[in-house]
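Read from first to last, the chains carry the letters A, B, C and D; within each, the first residue is number 1.
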Amino acid sequence: MSEILQTCTIKVSFGDCDPAGIVYYPNHFRWFDATFHALLQRFGGHAAVSRKLGSIGIGLIEVGGAFRAPAEDGDALVLTARLVEWREKTLRIAYEGRIDDRLTVEGFEVRGLFIREDGQLRAGRMAPLREMLEAGAGTADA
Amino acid sequence: MSEILQTCTIKVSFGDCDPAGIVYYPNHFRWFDATFHALLQRFGGHAAVSRKLGSIGIGLIEVGGAFRAPAEDGDALVLTARLVEWREKTLRIAYEGRIDDRLTVEGFEVRGLFIREDGQLRAGRMAPLREMLEAGAGTADA
Amino acid sequence: MSEILQTCTIKVSFGDCDPAGIVYYPNHFRWFDATFHALLQRFGGHAAVSRKLGSIGIGLIEVGGAFRAPAEDGDALVLTARLVEWREKTLRIAYEGRIDDRLTVEGFEVRGLFIREDGQLRAGRMAPLREMLEAGAGTADA
Amino acid sequence: MSEILQTCTIKVSFGDCDPAGIVYYPNHFRWFDATFHALLQRFGGHAAVSRKLGSIGIGLIEVGGAFRAPAEDGDALVLTARLVEWREKTLRIAYEGRIDDRLTVEGFEVRGLFIREDGQLRAGRMAPLREMLEAGAGTADA
């Protein structure tokens, strides 16, 4: 079974940076999230995948990041997402970002299938999502 | 003299959209701004250009946008910036965004050279910026 | 008939600013939008209002802004939204932002009632929204 | 010695939310960061504090968050930052967000004093920052 991964290249822009001239850190999480959603595009996108699974979304339970080196306006950040651990109700995704082969950011997301029931959110089983993604497993660049 | 323009392709992502499922409109301005800064990258980037011109930045004076059709997760938005009018202390940039050749967004920015003097910002003359950009005029895609 | 307006105070933060140390301009539109939505909160919020009106949202058709003076980390920006013009299918909102009584930003939004029909968006009549808002017209600070 | 903490109330708005109708998670980190910077405002703000310490900024080394319950348009999120651990070159801040006393988000930031030397960033000693903050220690609401 091949590993499922997705790579996106982010052109870091002036407006992504703070008064110190380096990336304002919440933007790294926008890019993590966008890379995961680029992966879902290979399966029809978040809306289509969620609809098939009877979920309102594949949302965040936990997230973390470590910043190894600054990124600045003009940098091309190559961000890779790897699906690294499936549990009954969670999926762990590992992220790694590099600029010219230098590691600049690492992190992870733990996601769940959010299902709305009686106005409350609960976590659904991940097996149907896993089957869907593994059926089309592989690598993609965007 | 050839027209100066810059084109960027934005992969619209889930997180760029609001609860109605369409792009949250301030993001269109992030993309306008990023396209202008991609153009500046051809001249060393905003920091280098500003330094050469003795400016703290090529900032916004006025901006506008009109939204012709919605953009959604998964769309590839092709955004073009054109430098359309140089005045003594302003530059007007016209923007046009298309998804599969359908016009989705139009707009403009009026920018000035911000110079900090005695703790105040004032607008500088645009001629040196114009010369710099026209010396390397042309088209670029990013 | 009293004018309908809404005032919000935004604490400008470090992360709202760009490498020049002043507010990254798309954030001004986030604040315009948030002030309009604060107004809708007085009527149950955007989701409830849209549901009553059979709309997917009260979205943007056109927008503009002019930046009169810079805003920086630590500034308290007092932003006022005024509903200034109702047309058959549009509502125009005027915005004005001040820091210590100094005008820093002005702008407007033209909004429509977006209705989804056969997978397309079309603009609905504004009269029902106008009636709803004018029934509870007045001023609010948030 | 009293604990140093800062509380901010965030009015969650429509535009902070994603197509699932709940807060787009990178916004939680914007709010963490803004709460830390609100704390710095009690000492003159990030720019003044950094200047005194010879630093380009008090930036991020590591960050994490866990999302316990969704936040939506109209919610008032009360976010508290606590300075919980000083090490030689790092400061750990713990965050807790509540809506009507229900815990919705928890997290942390590890920050360092970034000093630019020969074009590189390095981490400075935290003792001078600690002294500055503890001299004016206490609680503040914003």
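Keep in mind that, in the parts below, a contact is a pair of C-beta atoms (placed from the backbone, for glycine too) under 8 Å apart; a residue touches a chain by one contact, two chains touch by 3 or more.
Note that the structure is predicted; figures quoted are calculated from it, not measured.
S.K.: Where subunit A and subunit B touch, do the two copies share over half of their residue numbers, giving same, or under half, giving different?
M.R.: Counting shared over all numbers used gives more than one half: same.
S.K.: Looking only at C-beta pairs that count as contacts, which pair of chains has more of them, A-D or C-D?
M.R.: Between C-D and A-D, contacts are more numerous in A-D.
S.K.: With chain centres defined as C-alpha means, what is the inter-centre distance between subunit A and subunit D in Å?
M.R.: Result: the chain centres lie 23 Å from each other.
S.K.: Whole-Å distance, subunit C centre to subunit D centre, using C-alpha means?
M.R.: Chain centres of subunit C and subunit D, defined by C-alpha means, are spaced 28 Å apart.
S.K.: Quick check on subunit D: which residues sit in contact with 2+ other chains?
M.R.: 14-15, 18-21, 24, 26, 30, 33, 46-47, 73
S.K.: Among line, ring, star, complete and other, which best matches the way these chains touch?
M.R.: Shape of the chain contacts: complete, all pairs touching.
S.K.: Show me the residue ranges of subunit B that touch subunit A in the complex, using the header's touch definition.
M.R.: Where subunit B meets subunit A, its residues are 8, 11, 13-15, 21, 30, 33-34, 37-38, 41, 45-47, 73-74, 142.
S.K.: Enumerate the contact residues on subunit D facing subunit B in the complex.
M.R.: My answer: residues 14-15, 17-21, 24, 26, 73.
S.K.: List the residues on subunit D that touch subunit A in their complex, please.
M.R.: 18-22, 24-27, 29-30, 33, 46-47, 56-57, 59-67, 69-70, 114, 121
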